[in-house]
């Protein structure tokens, strides 16, 4: 089994389902990943450890999904120099207006690559990660191009 | 000089000015405080240390002010059981819509007591802290009541 | 039976259900409370009496939940120097955008500690009240810390 | 000098200026009014007294202007059966989005007749009051019609 | 049978249901009304005629309910000097954000007394009309006061 | 001098300036137009007359610009079968959120072709009118294509 | 069978249903059209070809419907001088707030005639196209007027 | 001189200034880039060519900045498999609410990595690009870590 290159984090057990589309895309491209539930607010120590250890253990890109006052992606981004992709979840009264502003509006120095709210974003987070990995993986690049062509034919 | 009972945190030097009304109210009530600039995103380690050491060193209430995807109050709240008051700053394109949603919409288990955006909130954060301290300080309670009466007379 | 330390108010019978999570948290911590339905608009005299009598009868923190143009927390806060926690309810066409702005945007002199819209906020209002009470109750503080640890383990 | 028929209330000295257009319209129609500064939050007792005494002393319509979490019109409306017109002021970070939702979204039983944010609303509040008074004052009705005709000619 | 004093207009057959709470309140107070479906956009001539004839035939207050880019209340208000109450309906994708802004934000000279979106507003529109009629009807005033007292007892 | 093909309407003298970009584009294409100030609310009779007479006198497209609860385009559209282009103006507290919703959200049967808020929209309204006229004017079509090419070269 | 005069485009198979009201109106007026699914993002080459070939093959008006970050209408408008009507779909978390801003807020030089979100807009897009075609088709103009009269009678 | 690795695109000459912070960060890290003005709407052919040629000529990451109905990043993303970073500009009436929704809410298959509105986003876009390049450039990684440490010390 290959070493995971993508770390997928989400703040609660309930949100794991929201990340199924992310996993499906990565599976489709044969990219190994870890999917871990760790809240920025309820598990600050564990979340911190995951963020700090990601790079040393070979992770290339981190995907963090959270709802409401979504701090997960930002907290991770404050502790690593890996690219962090934020997926705002729409599970609150405000249907993601809160989570995407809390994910997107990061101050200078700590970028979070934010994608659309919900399942479109969950899939695109995986594709963005594949695009990044494909920059130094010719084989993956070929499959990414085929994927894009297939998309156009549907 | 008395030991600080309130810890006031803000994410950037530029935002210190926004907290002057907070300090003025606390000065008026003779309550000692520390005002420290420490960003949740640029200084995660220092911010964490401040949050963890607050209670042991005698702090009773923490006031955290931040703008944009304001994570400061939430990050602090994840690391302490002290009451945390969040002041959303209106210094972005969205005039605080981002910062108050990122401060207010905390998930179960990690409350942040959010007040109004900007200077009204900055003053009210201090008054809320005084109200909390006054619960176990009869003298402070008297001055708080006088303050309320004076307000009514203006 | 111990004397109530928390007064929980809501504007209508229909909203009582929204405060069940608040009660459950307080029950869990063994903190006595009164839950009373009294509208700022339909019962102005009774609401006023409840606000004015709260402190003399030993209440330490007031939690007020309301929807739409939520005035309840603000009206209570204008009549007491106790900390007032506002829970915006999301029961209108605007899903709480109206109620949280009407609760949060208090002018200088009358703070309301606002928490998230709906059930997350309802629970966090109780936890915030516990955090405040725990400042002068070592036993409660211990249980609060245990609660936070348990949360992290889930 | 004739007895005032309109009571104009505003929450703070700063907001008095916002009500000048209201006064100008009433002056133009020769309708006597009282303009009083009394905050729902800082002067709850005085505001209450003004609301309760309005009808007995001959007031027919109350105009209440406030900004931010504007509670003034709603608080007045809870204490009288006179028509209450609410003017949301745009003096906060949210340019009146907070004040008009807090004025408009009143629950069943306590109507507030809300007009536009700012100076258009301030003028229209006066005109609405004139329209109401004109229902039982034929002379006023004639002048109102002339006013409407003049408007069309401009 | 008494002559109608209130004219209730709505833009479409589908919206008639939304005005049932308005009718119930007026029935309860024994106030005669006409309820007519006439769209500002599909029936401009008929709507215009209804607005122009309202005052001559004895109508005192007009209530107009519409959704989406709600022009009905404003169009009526441009053609009469009677008080016009606007009820924004929440039947679009934007849940009334469009209809209440289109009803509320009237320019100088043409006031519309706007109430809350949906059923709360529909009831309050009727109560506001009753408050206006009660200014010159002592008997109605008494019943209005009783209604307010009953509300408080519920 | 050629007969006007475009009727440009705006609700107030102050808004005429906002339509200068519209006129400049039409001048550039040598298309005759009338620019008339007539409010939907203050001049309902005149506005109605302008809408009804537009087609008989040879107008092909109507451009209507208004701010706040912008009813002008919708009122015109209810009275004609000519294409009506709505330009929402951003001159209120809400920077055009009110005017574009009031212009855009037209119910079935009465379309308004809405363009962007402010000067971009004012220019595009003219270009859209030119595109419509060019459908039956080969010479105009050629100049429109040249305009598009020039745009690309800038 | 007559040559299509209207090209209706939508970004995905799922959105075809949303355009049924558009087709029904055009069928009712006996206007030939093509309905084609071609995404601006997944089929950029095909979409481009459709936009470029529309005018040469006799299309007079293009209707483009899309949801989320709706680019379809704008992309088409950048490649043709035909009038382009944009129908924002409300199929995202934000109920069309994203799609209508992405459709409406076009910069100078590339107008898109935007109509209401959802089925009202889908119908009105067709009616707007009919209004445009009727400018040079006396028979169609007569039927359009009859349609408007029938609407008024319903 | 080294070959450019980053392509920075913006839709108009006026927006170039908004990208100065992006260039400064890339200069600081010694990363070569091209900055080109090419509108998705006014220069569709040129924009398309730039997107298609980016990868063959060695570009690794594309940064696209646009305001209003910002289509630039999405159009680029539809034509390449390189990672595309979108910077929403706040130069419209809606202060970037339009541009970030039009950039963020991309449908499945065409991700855009969106960053904050305005100058914070402009800087973070560059840092995100550096983070991506640093995945396969150990020297750059070291400088990125030093940059993060320096940030913490400020």
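Should a chain be cited, it is by its letter among A, B, C, D, E, F, G and H, assigned in written order, with residues numbered from 1 in that chain.
Everything below uses one rule, namely that a contact is a pair of C-beta atoms (placed from the backbone, for glycine too) under 8 Å apart; a residue touches a chain by one contact, two chains touch by 3 or more.
From a predicted model like this one, the values you see are computed outputs, not experimental measurements.
Colleague: Pick out whichever of the two, C-D or B-D, is joined by more C-beta pairs in contact.
Modeller: When the contacts at B-D and C-D are counted, C-D has more.
Colleague: Compare the contact pairs of A-B with those of each option in E-F, D-E or A-G, and report the one where over half match by residue number.
Modeller: Repeated interface of A-B: E-F.
Colleague: Could you grab the centroid distance between chain G and chain H? Build each centroid from C-alpha atoms only and quote it in angstrom.
Modeller: 32
Colleague: What whole-number Å value describes the gap between the mean CA coordinates of chain B and chain G?
Modeller: For chain B versus chain G, the centre distance works out to 52 Å.
Colleague: Give, as an integer number of Å, the spacing between the C-alpha centres of chain E and chain C.
Modeller: For chain C versus chain E, the centre distance works out to 36 Å.
Colleague: Once you find the CA centre of chain B and the CA centre of chain C, what distance in Å lies between them?
Modeller: 19
Colleague: Which residues does chain E have that touch at least 2 chains other than itself?
Modeller: Correct list: 42, 68-69, 92, 94-95, 97, 104-107, 109-110, 116-117, 120, 151.
Colleague: What part of chain G is in contact with chain A in the complex they form?
Modeller: It is residues 42-43, 45-46, 68-69, 92-95 of chain G that touch chain A.
Colleague: Given the complex with chain D, which residues does chain B contribute to the contact?
Modeller: Touch list, chain B to chain D: 90, 95-97, 116-118, 120, 151-152, 154.
Colleague: Chain F touches which residues of chain G in the complex?
Modeller: Listed in rising order, the residues are 60, 81-83, 85, 100, 104-117, 119-120, 123-125, 127-128, 131-132, 134-136, 141, 144-145, 148, 151.
Colleague: Within the complex, which stretch of chain G touches chain H?
Modeller: Touching chain H from chain G are residues 11-12, 39-42, 44, 48, 67-71, 74-75, 77-79, 92, 94, 97-99, 101-107, 109-110.
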